[in-house]
Structure formats: C-alpha cells, structure tokens
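Take a look at the structure set out below.
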C-alpha cells in the first residue's frame, strides 16, 4: 500500500479529484496549506493596499490518497494530467510524493489491509 | 432646539458612536490574524473609558468656561447640565472624544501593552484632547476667535490623532515581524462602510441642526469620500494592474478625513476637489511610509495626518463665502483664511506631538507600566497573550 | 406627534430592529463553530415570526383595551389603526416583542429542536409576552397603575426573557459536549456594538418624543454601558491578568440591560452607579453559573436576569423626582418605590417562569414536536443537521 | 421641508447608503471563498463611481426638466441647486442610483472583468438608469403622467436591475466551475439584515416627509419582509426537512423587493399578501433557475425580477384608495390600475434589456475591454487575480 | 516507530482524543480536511438555499499520533472504539492508516528516537 | 528521500522557514493543526469570558519538507535552532518526525526522483 500525496494549485482540486475517481481511486482527502518552492511571484497587496509584494509562500492544496502499490503509475498519471496548468506545465504546478503505508483499517467494520482502502 | 433638530442630533450621535466599532473592524481586518482581537479592543475600550472620563471631567475641561486655552472644572460630572440642548451637545461631542484616541491605535497595534494603553487613554483625553477641542470649538477658544474653520474636527480629531500616532509609534518602536497580508479584507470593507455611514452623523450633525447646512454637509461628505476612493482605486489599478479593496477603503477614509473641516464651507464641486486631492496625497503618503523608519503600522499619519492637513488647507482654498457667512477662500480671492488654517494646523501638531511624547515617556518608566509587551507575548500574538482569546476557533473539536 | 418626534421614532424603531441581528451575531460568536448558523437563526427567525404574529394578534392582546391583565382582540390585524401615532407606537413596540424571545435563545443553543422553537415563539409571544407588556405599559395595566417604573422594558423584556431562559434550559437539558472557546470573538464584538447602537433607540425612543427625556435617556444609556464594560474589563484583568473581549462585550450588555428600566428616571451620576453595579453583579453571576446544574449556555440569566433585576431595584434607589414627575427614589428618601419595583419583578418572574415551563412541557410531549434534537444531530452540529449549511466554507474546492 | 422631515430624510439617505455595503456582504457570502472580495468590490465600487457620476451629470439627466423620456443637462454638477429640499432629494435619490447597478452584479460574479465593469457602471447609470428614473419619478415623466404607482422604486430599481442582470449573464456566459456551497452564511445574514434595516429608509423615506405615509410604509415594509422570510423558511423546511438560512434571508429580500412599489398604497393586511406572494414566487423561481441555461449566479432575476414584477402587479391589486388619494386597486374593484402597472413593467423590461445588451456587446468588442476574465484568472479566483488580495489570511505565518 | 493516522467525523474528535490519552498516547494532533470516499450524502443547500444537493466530499478531521511499534494494536482499537458511530458502525465512520516513521526528535532538548515521542 | 515534519509553535513559522531556506531546502509547506502533548497551559477564556480554563490542546503549525537522505541532520539542526524558544527550550516547543518517501514527481515536467525535490 502506498500514500500518494499531491501538492497542487487550489484551483485544480476539482479537476484532480475527478481524475482520481476516474482512475479508480476509492477515496482521498484534501486540505489547504501554504507552500514555498521555486515558484516566486504571487503578487499581493500589503498593508493598506498601497503597494504589492511578492509572497514567497503561496496557497496550495494537498490531496492525499492511499492506494495499492500497483495503482501507483496510473494514479500519478491521472494527477499529473489534471494538475498541470492548461498552458502546458509551469513552475508552481506542484509535486507528488509517494511513501509507504503498512496497513489500513476501516473503522466501521474493522476490516484490515488492501480491502480497507 | 426644535424636535427635528433634536431627532437629527440624537441620530447623529448614534451614528458617530458606530464609527468606533467600524474603526475597530477596519483596523482589525488590517492586522495579522493573531492580533485581530487585540486591535479591535484598542478601539472598543476607547468607548468604555472615554465615555466615563467625558462625563466625569472631560466635557468640563473641553467646554467649561475657563480661558482661551482650556475649560475648567465647573461642569464636572455634567453638574448643572439639565436635559436639553447642552446635554445633547455634550453627548454628540462625547462621540468625537471617543473615536479620536481610537484612531491613534492604528500606529501601535500588535505590540503596545494593553494596560498601559488604558491609562494613556485617560491621560490623553484629559491633557491633549480636551484643550485642543477647547481651542477650536469652545466659544472663547483662541483658534475659534481667529476664525479658524474646522467644521467637524479635522484638526481636533484627525490631525491631533495622527500626530499623536507618530509620537506613539516612535516610542513603542517597530513590530518584530509584521505580517504581510491583512488578516481579513471583508472586515476592512465593513469597517470602512460603517465609518462612512457614521461620518454622515459626524459631519452633517456638526451644524447642530436639521437644516440646509446639514444637507450640504451630507452631500459633500459623500462626494469627497467617493471621489477619493475612486481616485485611489484608479491609481492602484494603473500602477499594479489590480485594484486593492483595502486601498479603495483607505481612499474613502482619506476623503472623509479631508472633507471633515470643510463640510460646512464647500459645495459639491469643492468636495470633488477635496476628494481628488485626498486620494492622490494619501496614496502617495502610504507608498512613501515604508521608506520611513517609523512603524506607523496601519498608516494613521498617511491617512489622517496627510488627509487632515490637506483638508484644513483645502478649506482655506475652496471655502465659499455663501456657506460661511462671509469668510472667503483662496479661490474666491482671499488668501488670509489659508494662513489662519495653517496656524491652526501647526499649533495642533506641535501641542499634540510634544504632550503625547511626554505622556508616553513618563508611562514608559513608571514601574509596572511600560509601553511594550515582551518578545514572547508579541510572538504569540496579543490576542492570546493580552486577551486570552483566539479570534476564530474552527478546529474539529470546537 | 410632531414631525421631529415621528422622525426620531421611525429611526428608533429601525435601531431596535437592528438589535436582533446584533444579538444573532453576539450569540453566534459565542457558540461553537458547528452551531454558528443555528444560533444566528434562532434570533433571526424571531424577526420573521414575531413580526407576523404582532400584526395579526400580538399588538391587540398587549395593547387592546381588555382589562388590567391582558388586552383583547379588538385591534386584531391592526384593524382600525390608521397611519399615525398609534401605528408608530405599534411598530416601535413590535421591535421589542421581536427581541425578547430572541434573548431567551442564548440558553438553549446547540441542542433545541428548531421547528419546535418556531411553534414556541408563536405561543410564547401570545401567552407570556403580550400579558406582561400589558401589565407594565398599557394604560390600564395593573403594574402601571401601581406606578411601577419600567421606562424601556427591564421587566417586560429582560427579566421576562431571562426567567423564560432558565425554564427552557432546565427542560431541554445540558449540552452533551459544550465547546470550550467561543467560535468567533469579532462577531461577539460587532454584535455587542450593534446592540449598544440599537439600544439608543430602545431607551431614548421609549419616551415617544424627540425631547429632553430622550436626550437624558441617550446619555445615561451610554454611561451605564461604558461603566459596566469598564468594570468587567478591570475585574477580568485583575483576576486573570488578561482582559477578555467577550467579557467586556458582556459587561456592556449587562450595563445596557440594567439602565433600561431607569433610563427615564436617573441622571448621569445615577447611570454610573447603575453601570458599576451591573458590571460587578453580572460578572459575579457569570462566574457562579458553572456551579449551577442548569446549562444556561450563553448566560442569559446571569446577564439579562441579574442585570434586569439590579436595574429594576436600582431604579427604586436612584430615581430622581425631577425626571419622573414626582416619584422619588431611595436616595431622595422614599423607600416605597423600591417596594413597588420589587413587586413588579416578582410578578414577572413568577408568571414568566411558570407559563414558559408549562408551554415547553406540553410541546415536549406532543408527537412530532419535542424539545431536543437527536444525539446524532447534536454531535453533527445543528448548522448541518437543522439548516443544511456550513457557516464557513473555505476548503480548496470551494 | 420642516426640520423633522429633513432629519428623517437625512437619516433615510444614510440608511439607503448602508444597503449597498449590506448587499456587498449578502452577495459576498453567497460566492465561493476565492471570490468574496471581488464580489464585495462589485457592490462597493458602485458607491464610489455612481456618487461621482450622479453629482456630475446623473441627477441632471434623471431629474432635469427635459421631456417625458429624459432630463437634460441643466443641473449638471448640481449647478443651481442650493442646500435645501432639492439638494436633499438629490442626495436621497443618489443612494437609489448607487444600489441599482450593484444589484445587477449578482448575475456576473466570479468571471466578469472588473475594469470593464467600472466603465459599464458609468454608461449604464447614464443611459439606462437615468431615463427610467425620469419616466417614473420626474414631474413630466411619461409613466408618472399615466399614474403608474411605484412608491419607492420597484420598476426603476428592482425590475430594471434584474433585467439588466439577465442580459449581462447571457453575454458574459456561465462560470466554468461554480462553487457548491456559499462561502460564508453569516455574511449572508448580516447582509440581509443591513438591507432590511436600510430598506426602512428606502421605503419610509420615499414619501419625503416624516408623516403618516412614512409610518405606514415602515410597517408594511417590515410586514412583507417578515412574511416572505417566513414563507420561504416553511417551504424550505417542508420540502427538505431543513431550513436554509440563506433561503430565509433571500425570502426576506424578496419580500422587501415586492413591497417597494406598494409601500405607499397598501396597509398591513395587504403587506401580508404581498409578502406571501413574494415568498412563494421567489422560492419557485430560485428552484426553476438551474433549469435555465443562463447562469444568473446569485439569482438576481429570481428575486429582484420576479419579486419586483409581483410587487408591481400586487400594487395594482391591493392598492387602497385611502392611501393613494383616490387610485383604486383590483380588490377595491378597479382593474385599470393593474393595466397601468403592467405597462410600466413591460416598458422597463424592454428598455433595460435592450440597452443593457447593446452596451455590453459594444464593451465586449472594444480592444482592451471585453467582458470576461481569462480562464486562468477565473480558476485562480478574482480576489487574487483582479484585486491582489485574499479574503481571509489565517495560516501560521500570518 | 509508526504513524497512526485516523480520518474521522469531526464530531468524534473529542471522543477519539480522550481514547488516545487513555490508551497511553503521549501526543497527537488533528486538523480538518475535506474527504471523499464511499460515503455519499451530506445534503447541503446550494446557492440561495432553494435546493439541496449531495456533496460528494464531506468535512472530516484527521488525527495523527506517532507511537512505538508495539502500541499499534492498542491504539487502533482505541480509535476504532471511539470513532465508530453510536449506531454501531456505518459508512463514513472513517479509516485508519499506519505508516513507518524512522526517527523523532524533541525540539526543546534535542532528544532522539523512542524517548522523544 | 525522506519527509521531515516539524510540529512547532505557530509564531515560529517565519523563523523556521527562513532556516530551511538557509539550510538549502528546495521547498516545504505548512498548515495549522491543533496539538496535544505534554504541554498544558494555554489559558483561554471560556464562555462569556468570565473565567479561564487551560486548554489541553493548543494551536500548532506543521511544516513539512521532503529532502534527500543526506540532508537529514542539517535540516533537523536548522529546525531545532529556529523553533526552540528564545528562552532556551521549553515544553511545547515541538517535535520533528522523519519518515521514508519512495518517490517524488514534479507535475510541470514529469521529472522523477531526487531531481524533483
């Protein structure tokens, strides 16, 4: 079992979650974070709104799904396809991290392992 | 006063009252999120403290007979003021006394020690606000005798507060790590809206009657505010390609400040000029402020100082003698009123700055007082450290 | 009425109207975040329901001729009330009828069944509010005949609501897991500010004229509120080393409650006394409340009950005969008014408690009604379970 | 005007002013969270832009002598309007001109290009609003001459805005991915509350005096709003088992819209009928809207169009000749007023739709203008892309 | 060392955190997310509140604790017990994921490994 | 590749993110959580503000960065240095957890592995 975690632009959440469902993902969850990476340049007004500054950190959303190992390629392709900017990929489109998960348990019926995800 | 004017003054007093909560939200929204409550409380407590001080001795010092420079203690506890016109005047004026020190607080948010601030409020109303109010509005005040025009308090309220804000910002020092973005822009907009709404009472009530002076003051107040907001918005759009909501709200406030002294002396076209000037000058001042070493955090001076000074001068320029019973402005050909206005401005600046500076210096060294919270409290945010509360609690368990 | 008084009463009616949304935010901010909407709706729906009931039969029952204890149905549908003074009185009074049951809801938030509440509203206005309003304010009401002083509704509105709140809290039972911190302190402050703003209409409108009585009422309202807020703030700071914004806001409300019956009978110095007492007593009551087994969740009794009772008694103490046309207070040497005040309080408490209790007991057993939501709904929060909405939606996808 | 009426009109003007910030929050709360500021700004900028246009030429075009269809430029810059009744009328009317285009914006939120909107504002006030206001309210307007009843602006303000909203929604096209849930329900409620509060000025000020007409207008305004809110609430509860707070707020607004033309012509019982009809019809319209291909995002037509048309017709039905100085409604037996009302509605619909459509078509093709933001800006949310701000900043670093 | 992460209904947080304390958990943290799984059917009003729609994604809370390997069973039992709906388990009660953690460090004193958690 | 996750006091985020940048971290993200540990004693007003209570759970911020294995020591030192209270370390200063990551993918260009972080 693996955890696939994608840090994406908040406005792409709907696309990515649709793509996950299409890729056969059983479940996932997302929440907002503030991220900092190579992307510079969300210009925001500071103070009373007189001047703009470039925020080094920008709002991002993390969407996480736990899937069986063999789903890895498929899920990643789905996310990349849906998260990449219309214009064809640019800095700040986000990253995907994969990490191991040793077990999953469904609360309602106590089921374990692959069947639970 | 006839019942119509009483009705209007009661209402105008309530409107000016509402400006202070409006200011609380305006400033609160501009702070960072861990200081929203503390910023709101700096304004809100001014209502609680100044209302009491005003009734006890503030009104007497400001409007008691006294001499050309200060009232006396003859009206202490509003003694001898029967329900009627004088009491209504005392109530209306109380609302001005409440908002003035609240305006100062924009310069000291996120680091000023709250308990010291409460003491400062009491002293400042007594030794700074009351005398200046006396100069400008009391029958025997020396600026009134000079025919200085300050219809609704441009010098007494705005310049006074802005200069005190600079003194306070210098003494309390810079914030350790200012937030970048305002915490809550909708609060800024609702705050500015309540200020604008309340300002109709502030300006159109200052003629103390429901009459044509009030009608004109209402019109020019709205015109100047709208013009300044629009000016700021256009400047923001042209310079950055985006139009800041906080900026437009600030522009409106700048316009309101600038029209305050002039509301009884200019017409709609004059108000357009006053508003345009306010938009341009306050915008420039806000842009310049980061270049200055003083952390006047929410730009009190750039808006209330620059806007207020511009308003006082503009009054000297645009005054229409038909409104003022003979006093002419520069446009009508008389430069002398401009001179009088400048004297009033300079006197207010000098007195307010020096006395505020001294008060705070003294408070700083009194044991148990001090102007600034500890590093730890500042880092934690004053909402928790001074008020034991969080502005927004939304985690799962709550 | 002359046009000035009409202007003021129209405005005062609008001000009192705004108190109920103010209360909605005051209470809403004090709730936990999953019940903010539901708390707001408990107040807001009072506007919708009571406005209709009042026009249909509420006004008639409260102010129709009737007898010493209740009006009659002669004015049903406001029949025969032509546009004019009587209609204006009906409008002004309607706003009082709206806010009174909304006050009750602070005791039952986060668990009371919403549909039952709507039915309760209709019944309670009819059989509790209308009679008590008749006793105190109708020309032939028995408490008015006794010369009980209740200028703006201390007994009718505040004590009445507070006692009903206790009855309701007892019957609906405790919350299963109360939140710890209020969800939104800025809402509490803006709510208190709108209450304070609206209260100028509440008290200064209650003399039904734009005259010196109104001016005095305005002044003492502000003075008592500020004094109580300051008192609470100081107590909070001294006891805990921090000054709660929710506490200061609560103190202000306590002061406003206490001055309500007295606003036509005391001067500024009396108002300081009323406010000081309100600050001390309401603070103590809020501290004691957790020791009581009743989950009056937002301290309706501690503020409106204790503040209201104190105000009624204080009216007996501080009344100045110059204001009341001869009725003297304890300080002026006449203890009898104090006795009358106590009778009015006790009658209100007894009637309101018993009848409210009975109404709720009956609603509890009617099939399809019931007072309490299911465990599941309570856990989920009433915003989702009763209103299908979330107060704040801020996740990435939205 | 006597001082009481001046007092009331000043206050009424301030109340109507406050409706636009109220609308900003009502609409802002209904948007998705990344467009809250931009939605608020669409309303707020109407204050800034229209205030200036109105003073410069808007008032002159609407109320200058001119002919039956439009005013003239004789009053440009409010030239020749001395402080007094005419100026007060110009101020009061200005507030109506401000809110009308703000109402339109509910149909175009989350995708309309902000700078184009500002240009649209200027043009629309000039060529759509000013003429229609002239038809209905100027002494020689052709609809006034026909005795069309539109007490406070049902056609001029609401139907006009709603029809323009449809035209704008058609031309700007659908949102790419509309949010599901409103971002902030408390904002919706406070917005509706401020609208309701301000509407007392809107309707009860429209008789231009503090008199019995104003009193009746105040009462029926509240009654219709409450009835419609309650109606909506009950429908929502019966159909879904839950009572939407946004729905109840919308119902209230629908009731306020519907009573607007009738506020000078019906009594309390008529207002119940108007409110009930508004609740039912607006509810149905909101339910039907998703079946239509036009993305009138915040249901401007369903509320202001349907409510406004119903109100205009209801005025023809419920009019009581005692209020209107002889004009009888259908219930009193005269169907002809109904015919006149329908003519007024149809004329407004036709003119507003066609001219708005043409204006926007032209703006769409002018280089540098265009109606719609880029896909990228829409995805990002207009708060960041057009205003460079986030509504709520609460992450750890801020 | 393992990370045990439970995605539960927000209204169960207080129960679950009490259960964790009782199970001897040294520390944990939680935050709100939006989740999508098999559960369909949080009915919410859309738009102006005229009609309801079923949201595919629903508010959830994630509670995370890092514990020693041998605590796994005990902690999972505690969470399952506290998170399961009163009615005895239903769709949407949530899931628990277990994943490896290689080290822990306490900031205040720099302590490493098992002693730090 | 490893994930380093630090749960710290919210007011230290700016310090910690500066320290991460200085330590050569390519990217990171943070979000607010509510945490419970040994720390007792954030005193808050409850109810109407009459009395204070000690909250067992307190607001914290989690900052997460994915780095190459060899960065571990450097990054942890950086975080510890920046997150520790001025006064020299106290309860509640926070914890750092390290866990394995098996892959990273950059959305914009599809790059995998070490080059993507």
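Going in written order, the chains are labelled A, B, C, D, E and F, and every chain counts its residues from 1.
Going forward, contacts are C-beta pairs under 8 Å (C-beta built on N, C-alpha and C of every residue); 3 or more make two chains touch, one makes a residue touch a chain.
Since we're looking at a predicted model, the values are computed, not measured.
With steps allowed only between chains in touch, the distance from chain C over to chain F comes to 1. Listed options A-D, D-E or B-F contain a single repeat of the C-F interface, assigned here to D-E, on the basis that more than half of the contact pairs agree by residue number. Between C-D and A-F, more contacting C-beta pairs join the chains of C-D. For the pair chain D and chain F, the distance between mean C-alpha positions equals 50 Å. Taking each chain's centre as the mean of its C-alpha atoms, chain C lies 42 Å from chain E.
One finds 33 Å separating the Cα centroids of chain B and chain C. The set of chain B residues that touch two or more partner chains comprises 2-5, 7-8, 11, 180-182, 210, 240, 242, 244-246, 248-249, 387-390, 392, 394-397. The set of chain F residues touching two or more other chains comprises 10, 14, 17, 30-34, 43-45, 49, 52, 57, 85, 99-100.
Listed in rising order, the residues of chain E touching chain A in the complex are 2, 6-8, 31-38, 57, 60, 62, 76, 79-80, 83-85, 89-100. Chain C contributes residues 2-5, 7-8, 11, 15, 32-33, 179-186, 189-190, 193-194, 196-197, 200-201, 204, 209-216, 218-219, 222-223, 225-227, 229-230, 233, 237, 240, 242-246, 248-249, 252, 267-269, 272, 323, 392 to its touches with chain B in the complex.
Per the touch definition, chain D reaches chain B in the complex via residues 2-8, 10-11, 13-14, 17-18, 21, 24-25, 28, 36-37, 40-41, 44-45, 47-49, 51-52, 55, 77-78, 82-84, 87-88, 90-91, 94, 114-115, 187, 210, 383, 385-394, 397-398. Here chain F touches chain C in the complex through residues 43-53, 55, going by the rule given at the top. The touching residues of chain A, counted against chain E in their complex, run 3, 17, 21, 26-31, 66, 99-110, 116-117.
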